[in-house]
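First chain A sits with chain B, and in the next complex the same chain sits with chain C.
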Partner chain A sequence: MYTYDLIVIGGGASGIAAAIKAKELGVKKVALVDEKSYLGGVLPQCIHSGFGLVYFKEDLTGPEFTEKLVQKAKKLSFDVYSDTFVFKIIYRDYFEKLVYAVSKHGIKKLKTKTIVYSAGCRERSIYEIGVVGSRPSGIFTAGEAQTLMDIYGIMPGKNIVIVGSGDVGLIMARRFALQGANVKAVIEIMPYPGGLTRNIVQCLNDFNIPLLLSHSVLRVIGKDRIEEVEVCKVDESKKCIEDSIFRIKCDTLIISAGLVPRVELLEDLGISIDPLTKSAVVNDRLETSLPGIFVAGNALVVNDLVDYAVEQGEVAAQGASEFVFNNGISAAQWKKIKLNGNIRFFVPQLISGERDVIMYGRVISPEEKVKLEINEIKKEISFFRVRPSEMIRLRLNKDELSSVKTKSLTFSISKRSE
Partner chain B sequence: MSNKRKVVKLTCIVCPIGCEIEVIAENGNIISISGNKCPNGEKYAKEEVFHPKRLAFTVLRCKNGTMPTVAVKTSKPVSKFLIPSIMKYLSNVEVSAPLNVGDVVVQNILDSGADVVVTRSVDLLECNS
Partner chain C sequence: MSKARVAIIGAGIVGASIARVLSRYENLEVHLIEMEVDVGWGVSKANTAILHAGYDDDPNLYPNRAKYCVRGNYLWRKWTKQLQIRASWNGSLVLSFSEEDEEELYNLLERGERNGVKGLRIIEKDEIQKLEKNASPSATLALWAPTAGQISPFEAVTALVENAVENGVILHLETKVLDIVEDGTRVTKLVTNNGEIEVDWVINATGLYADYIAELVGGSEFKITPRRGEYFLFDSTAEPKVSRILFPAPKPKSKGVVVTTTVDGNLMIGPNATDLPEEEKENKETTQEGLEEVWINASKLVKSLPSKSKVIKTFAGLRPEPTGGDFIIKPHDSLLGFINVAGMRSPGLTSAPAVAYEIPKMLLHLGARLVLKKNWNPTRKRIIRFSEVSNRRKNKLIAMNPLYGNIVCQCEMVTEAEVVEAIRRGARTIEGVKLRTRAGMGRCQGAFCRAKIAMILSRELKIKPWQVRVKGAGSEIGVGDLFSLLHE
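So, the complex of A and B:
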């Protein structure tokens, strides 16, 4: 059996960054396990630019970002298991975890002190968004369509309807339009778009693709291949307005209805899950409720920017190296983050107050002229506007945290008084 | 109409912050640009009003490679209105592995001044027959 100090599960941006960082910090035996034949996770299929402005200070395409990260990794020595799918993790004791994986060469059983779990997220499917009707061919998630087009060079269809206006859906709308397909509409159930404004501009407006806000796809119509979708307007409670139903002819339906962290293997271990992020509850080293198991990247929180996923990979690696060298992550007392007002979530959920921490959060609904307050440390940050599609990232220094004597810190977002 | 005043509201697409920029132009000359948080935004707004440009991205069919396609982009932004023709042209281009990031596959595409360069390396597929 192979024995490691750290096994990184998932070879996307955060996983590669975690392996690199751990090696740089002097962790000896590191392995990176990935289910695909190529590293990078979803980056190699994201052929558009907009990646790496923070991390590499350059505007790169997804594959270029991967290449740079992989080149960095090649200079360090760690084992890479490609085409290897982890199907079970066992927590033996504080210093011993087992990772079971299936590969071309049979079942692999690896032993390790620490794990950085960076298996990314999965896409919500048509079965999860309440669309009834038949299930003919021609229905894909946005990521499936992207893989078909930009890895395999296969065009999924010609007349396209997209459900969901998150960034992935918008990027695919443009991709289809560029490739000569007719993108009939992007349909969004919320009264505001799910993606970044720049993507509305450069992906929809550039190609005159209609964005139908407060609309929902009710039904799929078609026998062998999808032929039409039934669409309606919805009211504030997302209920269908009866006389607003109409149909759009299409041969392809793309589902871009959100992403969910992939943490089934961790759930099986019995770690604490935060219902707000649908992923692990973590401390400021991104360690879960099981000592020595860390989570990073989109498996922890669905990020807007790959740079944040990389950053989390590095924080988790910092944690793993501390665990290896100091026999654990220390804190005199973990302080809980409490939420108040227009906040959907903040991670990490526990902080020590003894080191710097980067917090990532999202709001529930769009709002202008707001302030984020953390009363216990008398911190106040103003925002011109906040949107659910734009992640809030902020760094808290250990100096400002050191004076806190309470067991919790309360984050609240509220309207600024003029 | 000798004094043609034009007010254009833009969302900057240079970075994910997405500043709301207002450009005021008169007789084809820019009078003021406001709302941008950085100089890149000013440059973008200037171009966007009269000569909108974008990078173009696609994949090309690739022979003998470990992947069936190779990802490419234009080496610099090209006129937004030229992009459909560029896409059409590139849909008929086929290349062969191996290719590395930065390799030029088409020079000065459609006289745009931009080259088409590889963004995703493809190794040669080894045949183990």
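So, the complex of A and C:
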């Protein structure tokens, strides 16, 4: 049995960043475990640019971003277990967690003081968005289509319909168009796009791909391969408008309808889950309700930018190093974040007030001329526009938090009075 | 010794059971003929997977159903052991919610006794809760049938076919029977898309298509109507599950929406019952209304269902509803050598082994000679499930074959070794691998593993990656290599 101070589970951006940061902070025995044969998570299949503007101050493609991160990691010494799949975590006690992993060398049982869990997220399937009809081939999630194309060199289809206008869906619309496919439509149930504005412009407008807002895919038609989809217009309550049903012929349907953090192994341990993020409740060290187990990246919260995932990896690593050096995270009167108004979620959910904290959140619906208020610290930030697709990232510093005597902080987003 | 040639058309649960039974005879050359690329893809693939106790079927109205269900239930106990088919014999509860329902329970009890079902009892509230803590507290009484069970029907079909092939049965896949030739008194030849097969006996076990096949020799007096049932399948982690099979009091058309936990540990609810036009034999579409009906009716049986966000799949299957409602198990009236085993609607899965043992009897009666093999192998080994064995065993497996150390499907923890073994046993498609190994049956529904499985199939079958089929003909995973459309 090997003994570590820190085991990072998941070798995507946040995981690699966590391992690097932990080493930089002087943590001795660090391991990074990943199920793939290559590091980077989904980045190596994201051949488009737009990565690294914050972290590397450069506009990089996914593979380039990975390469730079891996080069940085190579200068440090930690163990990397590739092609190694973690299938069980056991919380023995405060100082001892066991990680069971399988590889072609057999079952590994690794002992560690701390864990940074950064296993990413998964895509929602066609069944999770309520599409009915038949179940033929030619239906892929966006990420799966990306894997087929840019990892394995397979062209999935010719006539493409995309469900969901989140960034992944938009990027894939362009990817298909670039390879000569006919992208017939991107269909979005909401009255506004789900992805970043730059992606609407660069991925759809530049390629004349129609975006059907307030539309929903109802039904799949086709026996062995998909032949058509039935689409309708929806009203404000997302209900199908009568007589608006039409069909689009296609041989491929791409589902890009949201991502869900993958925290099943942590759920098995009984950690507290926030129903709003569908991931762990964490404090400002990104530590879960089980001491010494931290979560970062898309396993914590589905991020817009890889830079945020990296940032969370680093925060979690700081937490892990504090745990290792001080035998745990210092006790604190954790202040609960309460939400009010147009807010879907904010993480972390608990803050100590003793250190700077970066908050990540999303709104429920688009709104203009709004303010984010945190009454307890008399903070008010104005936004010209907020959208669910654009994460709100907010740094609160130690000084403004230190005076807070209440047990909670209330975040509220509401219209600015003119 | 010259062999009599038997062609079983249809490799579903019925055809596969018959193939296994007929593989015991030295002097039969048995051909099992299937139009799909894999076995068990028709009615057998999508149904409620229940081994019924046998109290449902009125012996006056449906004598075959009444007789074969009870015997089949008994025979499956032996067959599942011999063939390592997983089954759980957890028993069923028919719940009543009104006086009318209660009366129906007593009818079922009486009918069950007449059919020879053992162990049936009417139980009251406190015992219902003891047997099933998620049963609705509004249930007044229940019929407790301890002999009912659960099976994986697809696993059962593959096990039967593997065992039959091991014992000499010749399997013809992607072979569609186009015509049946006769010489005036008896059948002589099958004409298929893959050439002709000379035959002495033909057994029509073609499920939904049994009326079409019967029509090829004329004088078919029955029609098969597809009756569609829709289902929800939940993630294996979704709670609460049920530990028994829960039924409502039955309606004339069907046994109603069932709440059950599959042998793989997933909660499943369904089916409704929608009669489709006779020609819609492939219409396995789910519908908004149908799924709603299933959800509402299932909710009535339990304290609570898991949240809808825990649903990982919705699907529909078809039951072959025959004219008259009873199984049609009999030789053709005038043409010698043609036997119908048709209309195997519920409880067809349960009845299959019992029905299969009818066939040799029928052949003897019709003048065939049957000689038992001396070295018939009754057993078959299942594919080892890596996720189910101990860590010590896992290590041994990896040491023996490092492909066990490569996890292909993360949700269900299926290894490359299992995928390769599934292909060795006949999987030619991603669906075939999935049904044999569970790769792709978890919460991500294959998004993470389909591409990897396609690459393994490509390597093992020596075909291009984009030529790998997801399901049947025309379901290739790609249209060419990444640059194929740019070169067009």
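Please note the rule applied: the second predicted complex is superposed on the first by the 417 of 418 C-alpha atoms of A that agree within 3 Å, B and C clash if a C-alpha of one lies under 4 Å from a C-alpha of the other, contacts with A are read in each partner's own complex, and residues count from 1 in each chain.
As a working rule, a contact is a pair of C-beta atoms (placed from the backbone, for glycine too) under 8 Å apart; a residue touches a chain by one contact, two chains touch by 3 or more.
Quick caveat: nothing in here was measured; it's all calculated off a predicted structure.
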| item | value |
| --- | --- |
| Which of chain B and chain C A:I47 touches, first, second, both or neither | first |
| Partner chain in contact with A:I151 - chain B first, chain C second, else both or neither | both |
| First, second, both or neither for A:L276, with chain B first and chain C second | neither |
| Per-residue contact with chain A, leading partner among chain C and chain B | C |
| Which superposed partner A:L25 touches (first chain B, second chain C, both, neither) | neither |
| First (chain B), second (chain C), both or neither touched by A:T61 | first |
| Partner chain(s) touched by A:G106 [first = chain B, second = chain C, both, neither] | second |
| Contacts of A:G143 with chain B and chain C, given as first, second, both or neither | second |
| Which of chain B and chain C A:G180 touches, first, second, both or neither | both |
| Shared chain A surface residues [contacts with chain B and with chain C] | 149-153, 179-180 |
| Interfacial residue positions of chain A with respect to chain B in the complex | 38, 44, 47-50, 53, 61, 63-64, 66-67, 149-153, 178-180, 196-198, 200-202, 206, 304-305, 390 |
| Chain A residues touching chain C - in the complex, by the definition given at the top | 35, 83, 85, 87, 100, 102-107, 122-123, 125-128, 130, 132-138, 140-141, 143-144, 147-158, 179-181, 218-219, 221, 223-225, 251, 264, 267 |
| Complex contact set, residues of chain B against chain A | 10-13, 15-16, 18, 54-59, 61, 66-69, 71, 73, 80, 83-84, 87-88, 91, 101, 119-121 |
| Complex contact set, residues of chain C against chain A | 237, 282, 284-288, 291, 309, 311-315, 391, 394-395, 398-399, 402-403, 405-407, 410, 413, 443-448, 450-451, 454-455, 465-466, 469-486, 488 |
